[in-house]
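To keep things simple, chains are lettered A, B, C, D, E and F as they appear, and every chain counts its residues starting from 1.
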Amino acid sequence: MGRPVTLFTGQWADLALADLADRARRWGFDGLELACGGDHFDVDRALTDDGYCRRHRDLLDGHGLECFALGAHLVGQAVCDSVDERHRAILPAEIWGDGEPDGVRTRAAERMKDTARAAARFGVTQVNGFTGSPIWHLLYSFPPNDFAAIERAYAQVAEAWGPILDVFDAEGVRFGLEVHPTEIAYDFVTTRNTLDALDRRPAFGINLDPSHLAHQFLDAAEFALEFADRIYHVHVKDTKRRLDGRRSILGSHLDFGQEARGWNFVSPGRGDVDFEDFFRALNRIGYSGPLSIEWEDSGMDREYGAQDALAFVRRTDFAPSNIAFDAAMRRS
Amino acid sequence: MGRPVTLFTGQWADLALADLADRARRWGFDGLELACGGDHFDVDRALTDDGYCRRHRDLLDGHGLECFALGAHLVGQAVCDSVDERHRAILPAEIWGDGEPDGVRTRAAERMKDTARAAARFGVTQVNGFTGSPIWHLLYSFPPNDFAAIERAYAQVAEAWGPILDVFDAEGVRFGLEVHPTEIAYDFVTTRNTLDALDRRPAFGINLDPSHLAHQFLDAAEFALEFADRIYHVHVKDTKRRLDGRRSILGSHLDFGQEARGWNFVSPGRGDVDFEDFFRALNRIGYSGPLSIEWEDSGMDREYGAQDALAFVRRTDFAPSNIAFDAAMRRS
Amino acid sequence: MGRPVTLFTGQWADLALADLADRARRWGFDGLELACGGDHFDVDRALTDDGYCRRHRDLLDGHGLECFALGAHLVGQAVCDSVDERHRAILPAEIWGDGEPDGVRTRAAERMKDTARAAARFGVTQVNGFTGSPIWHLLYSFPPNDFAAIERAYAQVAEAWGPILDVFDAEGVRFGLEVHPTEIAYDFVTTRNTLDALDRRPAFGINLDPSHLAHQFLDAAEFALEFADRIYHVHVKDTKRRLDGRRSILGSHLDFGQEARGWNFVSPGRGDVDFEDFFRALNRIGYSGPLSIEWEDSGMDREYGAQDALAFVRRTDFAPSNIAFDAAMRRS
Amino acid sequence: MGRPVTLFTGQWADLALADLADRARRWGFDGLELACGGDHFDVDRALTDDGYCRRHRDLLDGHGLECFALGAHLVGQAVCDSVDERHRAILPAEIWGDGEPDGVRTRAAERMKDTARAAARFGVTQVNGFTGSPIWHLLYSFPPNDFAAIERAYAQVAEAWGPILDVFDAEGVRFGLEVHPTEIAYDFVTTRNTLDALDRRPAFGINLDPSHLAHQFLDAAEFALEFADRIYHVHVKDTKRRLDGRRSILGSHLDFGQEARGWNFVSPGRGDVDFEDFFRALNRIGYSGPLSIEWEDSGMDREYGAQDALAFVRRTDFAPSNIAFDAAMRRS
Amino acid sequence: MGRPVTLFTGQWADLALADLADRARRWGFDGLELACGGDHFDVDRALTDDGYCRRHRDLLDGHGLECFALGAHLVGQAVCDSVDERHRAILPAEIWGDGEPDGVRTRAAERMKDTARAAARFGVTQVNGFTGSPIWHLLYSFPPNDFAAIERAYAQVAEAWGPILDVFDAEGVRFGLEVHPTEIAYDFVTTRNTLDALDRRPAFGINLDPSHLAHQFLDAAEFALEFADRIYHVHVKDTKRRLDGRRSILGSHLDFGQEARGWNFVSPGRGDVDFEDFFRALNRIGYSGPLSIEWEDSGMDREYGAQDALAFVRRTDFAPSNIAFDAAMRRS
Amino acid sequence: MGRPVTLFTGQWADLALADLADRARRWGFDGLELACGGDHFDVDRALTDDGYCRRHRDLLDGHGLECFALGAHLVGQAVCDSVDERHRAILPAEIWGDGEPDGVRTRAAERMKDTARAAARFGVTQVNGFTGSPIWHLLYSFPPNDFAAIERAYAQVAEAWGPILDVFDAEGVRFGLEVHPTEIAYDFVTTRNTLDALDRRPAFGINLDPSHLAHQFLDAAEFALEFADRIYHVHVKDTKRRLDGRRSILGSHLDFGQEARGWNFVSPGRGDVDFEDFFRALNRIGYSGPLSIEWEDSGMDREYGAQDALAFVRRTDFAPSNIAFDAAMRRS
């Protein structure tokens, strides 16, 4: 028997939670990772409406679904980002406000603290999300970057998140950064730098999503092994490269799902992530938390895909062993 | 006998032109691609100092060196870029001025027109360079991009370069964009879009540098074949991937040459570019212009490398044939 | 839910249609692609026996099976082939006649017209088949080919098929050439040439069978994308290369299934065709017709294989989506 | 319908046979390959206790399980090995005795004869096992080996096994060496040498286990084809390489299952063995014996794994065919 | 010091021998492999003009060039081919005659006998060439081949060549078939069959040209090892695959050198042949004859290429050794 | 200008040093790495014959050759090995003595101390060599290894070498273990263990020979980076894998150079070692010592090979750079 399998609700924002919960249970999921926003999980009401958490929990219980984590990606993104018009589309109106960047960042940081408080009240100890990055636009060093400034950006992110993490600590909740392009940490090097800048404080860990590593040619199993003590939560998502000399690995400024891109997200098990290897690494580091399917495949029917993904995880994940085999062949 | 081989002077800005010309000739180069800036080629003086072009040409002639093209990368970059502090370091003081972005862009555009005029006066019909890009920071679509806005960016670049190209046309000079990350065109898709936005006007072509394609997993030979009528100039430069599951193809926000990067520039012939294949494609499309070595390898002595690169090009490039072979076996 | 899955009856010619229909239904197929010949589908009787089509359709209906296409490969092959003794074995006696090549070709062409008429009468709008090729023996250019003559061969095929296609047009039926070695079109280049020679007339399209492309190292998904508007029908069949430096990709003049061959046909999903990728391409081009399993694997029990193949297609094919994912994360 | 699937009991020595038989049947196995030792199969008692074989057979029959082979690996290993302290742990006390190498080897040889006798009495005609090797420590030739001495070692093994095989012949039982590192035969070359040294006598064949070939980069299908007439029994077991430039293919003197090893045993179907190809080769050579799962995967729960492996074999193995396909398309 | 390097004159038929010899010597070749035809080597005159061989030899001696072999490819091709219009272009007028196939074949066979006689008179003991093939058009078995007929074709070739080889034997000359598509032998299987059909008579061996194997994915070094005692002569020629999913390995009925082909001939060392490995195999089998460059590269200037190829062979070929190395470290 | 290139004399033991020095100088080497034994370097005489070192040095000086290191592989091997008959062949008679293992080991250890003393007297601060290994025969864990015993073996080696290294320290000489199968350290894991067991004392470092890593699929460049501070000396030697599914990576108990082996030593640059990458890593860690060619290729003439190898190193090695390139493009 493998780990519990949950469904991340972010890609189903168009469905009411009750509807989605009904489907998830029918499909066989063990629980939901609730995306903050809409009626999936309302941080504000959780803190201000006394019965909200109870009713929300009842709804899940009524469908036999667990909840191990909240997803606070959209608001988290604004904490350290160069805020522009795109953020308006993903932020709650009260966080966006007048859109003045410093104000947006400040309000986003406060909301993240509230998210920790709401999670605690809801009985969840893990909040996943993004950090944003003040230096993403400097990805390719031309005009030549000032690398001292880049080093300082890690410190700047640590500074912005310090007070947020203090609240997480106070509430007994941990944050899991989804290592991802456009975030301060998106690969081995930047994750090391980010964790170091935060003095490796336990409140700040990783929501490990292998799909964001695969198109960078990074090995998710090695990632799990290196950052073993910071793997707090795991997403199951996949990417597929289609490099034929004409499609760029950089994406061509095309929307996800376009044929001419060098890679795209695909339903788990249909891409380049070696999940066999990845799950073995999770076994090795003793990760026993949920495998949370973040389902996204622009070429597949969503309902079909969610079930296909669940079946894939069920048949691929497995429990580790404690037996040394040749030893069993010895005479006792 | 292959094509003429020139040396791009941009990476030798610390040497006076006379010194560099002396070395280049000694090493066996056929000519120089002069980078605009310092004493390598001064656009301003070329237009204002009557004898400048004559003396400059004499200097090259005196070393038996030809000049087929100017390189105006740094100023070109500012024409359509989101201007920031990094541009101050690469722009002439009079272009940077007070650094106010719109002003910088306007002055850069004017300087590009002057560059065409100076080239004509100097007797050169090719100017290579960058365009900058207003959308490079949107490389990865999160927060989700407004793709209509991205489409508009191509039009915006075309609009900014239209008046510049009018001067190029008037002067009988052609511009060659070095297709490159951080520019409006960096791969097949974006090059198609850019050329289309400019109505494929002949004044705007490509300085094809395979090193900027290789780390994207793009095939430079196929690129030459597809954009055959727009390959106006060719750089010889190389990149080497070192992907071991821990090094990201995206560069990790590390400076070029750092060990932990997933790829780096290396001396031509020591990397992933298949120059045999690339030169064959250049033969096929009838390209007879220079092969201009833009030498950059953070792990190799520069003087050694320039000679090593030249020897590599000499032994790898070759002239095409007109004979169909089995036909030669027929009885006449 | 994916596309309907049918079974091509050509490899089951030893079984009476009623028997085969019974098995196909039991195994779970949605329909049959009837091979013309024997009692599977008799073109002659369909045109001369008034009740034939009705009874034939009833037989299928009685098993709950649909029919989307007829297969007229054997007779089609003779239309443009260099006819020799081998054709006697695959042609109806009345088409072979005395075996004089021109006569055979003429009778085969007439039978193809009748096939269109019979298909229309039977209520089917798609006929798949071969064209034959007058130049297959010139595959390798030694003694050196006269390439003008090769160009003329495409015109010659177009000429031979023109009158046939006129009948197809008149009957509202389309022809689907199975792109295949030994046919006038067997890869990208020859398919382009063939379609062009026929002025891309809509009556002439493609029955796309990826197995005939895979051993040529051709990408069936790219093929579907390039010829999107001519993909009229799809076969599901697979090939497996076994190249170890001693087995030739050319087949060694050995019969299919011999160990020493460099490739062989295998049951779908057990070979080199990337069906995931292929089915995605079919989704992208909007192909909603049947996936017709042409089952052939000299190393596997046929009954086992048909069911294995069906299960493979059912679990691999899927419906496309219309949702752009990150968009769903935006605030409405 | 494929071949019968059995479970080798060696890795389940901690379970009583009755218990294991109960599970095996429940999981769906067709039989057991009984490891000699403990209560799984007691050679001594089989020969000395008149009812033993009958009762043992009844136990299997009671669970509906067949037995096609015995496994006598541990004692076989001692016949030709350089005996040291490690052998004490795997040998019955009466074989180990005082541990003096010559005595151990002699007693092991006698026990192998008895194993043939016991197998015959039990109604089994196949005994699998190891031979040991007097030259394993000479694997890498430094200090330089005396290759004449190595040639002599094959003769020496043949000499030691001759009298044992005489008993096998007399009893109508065949021996199957599991080709394996640490045995006299572990690859193509050494297997040829060993069979030749034994004059290819039919009593001595192979228990083909592809997992011991895969990490050597050997092709199990080719192995089956070359030694077709000596493939007496087949193990289903798998290995997975994880070579990243830091993990050695030689194993680093680390225990199986350690992360830093270059390869490890994994549950069948989850490693590098191409079982599709391997089973096809078994079909081709006409092997119709059992597929015996020797289950070993230090990273997977054993109970889960046994069932996972069985399901894998059931869906991968299949029966061969006698039909030539295109032939079926000819007119009869 | 490696083997002598010669130039095959077939691709230089437009140059008079004296001219070509002059160039070859200047470029540094050790000798010429003379193609029969034109003034390179005239079989007729060699037999009828008493001084011809002497004068011809003097011409070569005068340039310090050796001759180890004649090339009789074009006439040889007609011996067993399905003769058609293409042969007219490659045959001497007196062999083509009226073009009636049987007559052409008979005259070609007689000319091959004369070629052996002429070679002997000229002092050369090796004649290379083609055999033609009566079954090349049956390469892909559709319509299904009669494989008994294919087996008979080997016998038919043996029969046709028997009387020719009798003359070769009588003259002390050996024939070397260039294993090649369109010939009776083009890979491992067909070469085995051909040699067997000829009872492996020593008069019939192989002119091994790795370029004809590489595009079939065949390993020339393994070929040399398997047919070691029949490697009578070696061509140095190369092919390059360019398989990108759109280019077929079968050649698309395009002329050599076309961009859209899946492979083309290229100057030695610039393609897929592993000459390092190949030359090592030649060392291993004790081949000490010439390495004869058959230069053909439709994308490279011929004069440049011949020299480039010679330099490549000189730096790649080397003499074998007799020393066992670690042995040298032992105390004597 | 790259690093000095020396020739290791071990494979030339049959030549007198004067003769070898003469050749080495003629070929263009910068120096010799003298193998202890015969007249190349006599440890005994160096300590007992007052003028020996002076005369020896004069001989080298007379040929303009330097000496940076001694090679003491054969005696070193005996210090921790399971001594058997093979050692007799590689040891001086006085070290072998009566061959009793403990005595041999003791005498070998004493000789290693003397070697340090002799090196110091000769003016050389680096001695390369082997350690032997008490556990090489336990390479594959069957019968199952006692891994605690394996851990103890590292300590045992450290204990044996401690007193030797004390002398090295006293003499100001460093030992460089050539990491190599049959030694205590042969890959990353075992090298870490060995260095740790010796408390990473500076007297004990590595003579890095990439050929011993390549056939294990280990990356020599990564090795240099990980053990940067212990890379005291570098060998240039190469291996070539030839894995075709029939050749084992383990060597098949065949002598080096046999065709059927899965890998063999080859002249540098002709095998699998990526020397470009390796030399770059040496630049990165600041290694400025000699590149010592240990020439061994059983398929190549030795004299040819030594020169070929030297030319390869000269054209592949290069000096590093200190310039950051884009930085050079900034305005000063």
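Keep this in mind: a residue touches a chain if its C-beta (ideal position, glycine included) is under 8 Å from a C-beta of that chain, and two chains touch if they have at least 3 such contacts.
What you see is a predicted model; the values in this text were computed from it and never measured.
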* To do: Could you pull out the chain whose C-alpha mean position is farthest off from that of chain E?
  => A
* Structure fact -> Comparing contact pairs by residue number, the option in C-E, B-E or D-F matching B-F for over half of them is B-E
* To do: For the copies chain C and chain E, give the interface type as same if over half of its residue numbers appear on both sides, and as different if under half do.
  => same
* Angular offset of chain D relative to chain F [C-alpha, multiple of 5 degrees] -> 180
* Structure fact -> Rounded to the nearest Å, the gap between Cα centres of chain E and chain F is 46
* To do: Would you mind pulling out the distance in Å between where the CA atoms of chain C average out and where those of chain F do?
  => 63
* Pull out every residue in chain E that's touching 2 or more other chains. => 74, 89-90, 141-142, 144, 219, 222, 244-245, 255-256, 326, 329-330
* Asked: For the complex, which residues does chain D have touching chain B?
  -> 244-245
* Structure fact -> Note: in the complex, chain C contacts chain E through residues 74, 77, 81-82, 85-87, 89-90, 135-147, 150, 180-182, 186-190, 216-219, 222, 243, 245-256, 260, 262
* Residue numbers on chain D that touch chain A, as the complex places them -> 10-14, 35, 37, 73-74, 89-93, 242, 244, 255-257, 259, 265, 270, 296-302, 304-305, 308
* In their complex, what parts of chain E are in touch with chain F? -> 1, 219, 222, 225, 276-277, 280, 283-284, 318-321, 323-326, 328-331
